[in-house]
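Accompanying notes for the structure given below.
Read from first to last, the chains carry the letters A, B and C; within each, the first residue is number 1.
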Amino acid sequence: MPEQLFQFLVTGITVGSLYALVGLGFALIYNASDVVNFAQGEFVMLGAMAAIALQNAGFPLFLAAIVATLLTVGVGLLLERFAIEPAVGASVVSTIIITIGAAIFLRGVALLLWGKDFYALPPFSGDTPIQLGGATVLPQSLWVLGVTVVLVLLVRAFFNRTLPGKALLACSYNRVAAQAVGINVKVMLRLAYGLSAGLGALAGILIAPITFSSYEAGVMLGLKGFSAAIVGGIGNPMGAVAGGLLLGVLEALGAGFISSGYKDAIAFLFVLMVLFFEPTGLFGHKSAERV
Amino acid sequence: MRLAGFYIFAAVVALLPVLFPDNYFVVVVGTSAGLHVILAVGLNLLIGYAGQISLGHAAFFGLGAYASAILSTRFDWPSLLALVAGLIAAGLIAWVFARPILRLRGHYLAMATLGFGIIAHVIMVQATQWTGGPDGLAGIPPLNLLGWQVDGDLQWYGVIAAAMLLVVWLSLNLVDSQVGRALRAVHGSEFAARMMGIDTARTKTQAFVVSAVFAAFAGSLFAHQQAFVSPDSFNLTVSVELVTMVVLGGLASTFGAVCGAIALTLLQQGLVVFEDYEMLIHGALLMAVMIFMPQGLFVGLTQAAHRLGSTLARSKFRRSLD
Amino acid sequence: MTAMIAPLPLSSTPASPLLAVTGLEQSFGGVMALAGVSFQVAEGLVYAVIGPNGAGKTTLFNALCGFYQPSSGSIRFTERELLGLPTHRIAACGIARTFQNLQLFFNMTVLENVMVGCHLRTKTSLFAAALRLPRVRRQEQRLRDWAIEALELCELADRATQSAGTLPYGLMKRVEIARALAAKPRLLLLDEPAAGLNDTETLALRDLITRIRDSGVTILLVEHHMPLVMGVSDRLLVLDYGSVLAEGTPAEIQADPRVVAAYLGGAVNYAV
């Protein structure tokens, strides 16, 4: 039993790390633009699929990963320029539809490029499982964990230590005031979309050796990332990370001890429960609305 | 006068099969469009009028469909009774969930309704002993309306057209009443609405319940018409399509929702020809309409027509001065 | 031993006030927006609340309306405790208001806005409305008549069919007043009704306020336009940093050195 629990925890933390990365992307974009980008999952899919395609075309794995990430960043910037910028000030419902449209569009592009087949990347450092106190851990899981930790720390440092990071935070508090003190809000918007696309792509590349990728692979990951961001209180980057880990672990435990078929239902039931008791997420700020 | 648009619409719906007899496209696509209209008009009460988004409405569509399917195949209930049971079940479930869900705002509400829809879909797939799992349930008997067995495409066209017109009529009445104004007030300013004595939680609940019951109504008709249901008809994509219909036509306009539903149905039919490009075009169109015509096709076009009309009238007036 | 036993008062207490607020406290984080505010408003008066920006005037209104939950104090309205009631129940007690930041229903016409104001005066069930039963039709007619009556009082009848969002700002503010009046309230709260109005409009507003008062509605008025306030109010409450600085008739307030120092500042001409 304890070994089993430990095994589920390892799985949960691995999956949760991915949710955390995707959720972090949601939080970044939300901070800069009040938009929830439903195409975030498609960044993950594009990163994975592009890396696989490049690797199949003869690129070394490392280079394939870098080029795929850069390509996805490019897609993120294009999305911002041609779908988000023209619609500034649109209502919540409108922006939701626009980004859902973008997600469907990107899925359509992937379908044309790669068809409906499933692909995978070889593991970064072999697939000999490591025995860790009774649980079996794939080396790839360690990659996922390690890279996630590094990325989260980098994002944190970016917000706390660098000028652009602080400017981005300022935008999230008050865009008009940020503009007034000379922050170029447009540039911040692009920065946020580029960063989130990059984070999404890296998440996709990390998971590509563990699960198969296809043009539809981003849908569920995107939704789980959104859930992570919501559970953590949308707009709170570290809340999104915590939310992602929590979600991943709960889902793995639910799948292990209750039913694997209901694992998504368990994850979303958890999200609903959180919202019923904390309507602005676990770490969201609660302010009295002004009349 | 208030219902002039409704009578014109009803006349068109009635005349179509007469003008195009035995036309497969009119009857079959028309039936599908009719169901979509029921769904979109109901959802528009919630999104367009009350201003509360739902990204999980396919759940109620599915609830109606599975209620009819399960009750009429496994328990041999008469189809009409199964239909009514589906409506009641949808209404009750919506009523129970409305308060905690509609307390949420903006993206939190989007998340909650999305989660609700996904949970419902997982149950449809997993509760195999009831729902037949991913393979679905077949052999659903046709609708029996007090002795009249609905049979054949044309009869189904008639039944669904009548159901659709009923829903449109109810919705038009509703939005132009004290209840409908309360809905719109909640959307316009929740603070002011409360200050006018409107119980906003109760009002949102009403909108949620009505739209759920309409969706279940469409679901039940769908199940009996297709004689088969499977979870694929009620997944997240369908929920998103329903929202798209409402937004495409134009929020807070019943005929906007009607147009959006018909437009998307036709679009889907048309895009089938493009096969692999279908998704790409669908996504691009969605973005384009929202960016360039955020008030929706129907509302946007009627406004443009108005502007054109008044420009023409003004230039005519100016010319008359010369 | 000459014990004096006071005779029991034989319901000889002065008529109880329409609104009695005692010790109201409301804070946001570290800001004490209301630091124990007490005052009473007798029925039939125009009672003004003044004070510098951020004094807590709007917060007071929001607390009265149940938008905020004050941490302590009491709000008695016609002998009923309002504290803790949800806003729509407070409205049902006979309180209506306008907002400093317009809260019109921009998605509706002027007439529909004011018809929503009549919400509490009649009830329609969902089913009856969807089926448009004859009784609903009659009810709609009545609502329409009431709304037009309120519009006429505010000289807005000719704007009835216009979309609320297309009106000039001054008229929008007047629609808010019409909408509030349509509820037939006993107490009307007006939050800066003159802000953004030009001189003619302000004069018309002054007339309107007087007319509303004369029709028997008690008015609680928050306003920065001193000539208007001094001309129209029967009594004033001065707030500063969430506390009551002074209370009295316009003449008393204008003579109060603390008020002059804190707020009115030097020579002010009070004539309209």
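The definition used in the following text is that a residue touches a chain if its C-beta (ideal position, glycine included) is under 8 Å from a C-beta of that chain, and two chains touch if they have at least 3 such contacts.
This structure is a prediction, so every number in the text was calculated from the model and none was measured.
Tell me which chains count as touching both chain A and chain C.
Chains that touch both chain A and chain C, as defined above, are B.
Can you check which chain pair, A-B or B-C, has more C-beta pairs in contact?
Answer to which pair has more contacts is A-B.
If you average the CA coordinates per chain, which chain's centre is most distant from that of chain A?
C
Measuring centre to centre with CA averages, how many angstrom lie between chain A and chain C?
49
Just the number, please: Cα centre separation of chain A and chain B in whole Å.
32
Roughly how far is chain B from chain C, going centre to centre by Cα mean, in whole Å?
Result: the chain centres lie 42 Å from each other.
Hunt down the residues of chain A that sit against at least two other chains at once, touch-wise.
As it turns out, chain A has residues touching two or more other chains at 291.
Would you please write down the residue numbers of chain B that are in contact with two or more other chains?
191
Send over the residues of chain C in touch with two or more other chains.
Residues 67, 99, 103 of chain C touch two or more partner chains.
Per the contact definition, I'd like the list of chain A residues that touch chain B in the complex.
30, 36, 83, 86-87, 90-94, 96-98, 100-109, 111-112, 219, 223, 226-227, 230, 234, 259, 261-262, 264-265, 268-269, 271-272, 275-276, 279-281, 291
In their shared complex, at which residues does chain C touch chain B?
Those in contact with chain B are residues 65-67, 86-88, 91-92, 96-97, 99, 103-108, 112, 115-117, 119-120, 122-126, 129-132, 136, 139-140, 143, 179-180, 183.
State the interface residues of chain B toward chain A in the complex, per the touch definition above.
For chain B paired with chain A, touching residues are 47, 53, 55, 100, 103-108, 110-112, 114-116, 118-119, 122-123, 125-126, 191, 236, 240, 243-244, 247, 251, 276-287, 290-291, 294.
Spell out the residues on chain B that touch chain C in their complex, using ranges where they run on.
Touching chain C: residues 170-171, 173-174, 177-182, 184-185, 187-189, 191-200, 206, 210, 252 of chain B.
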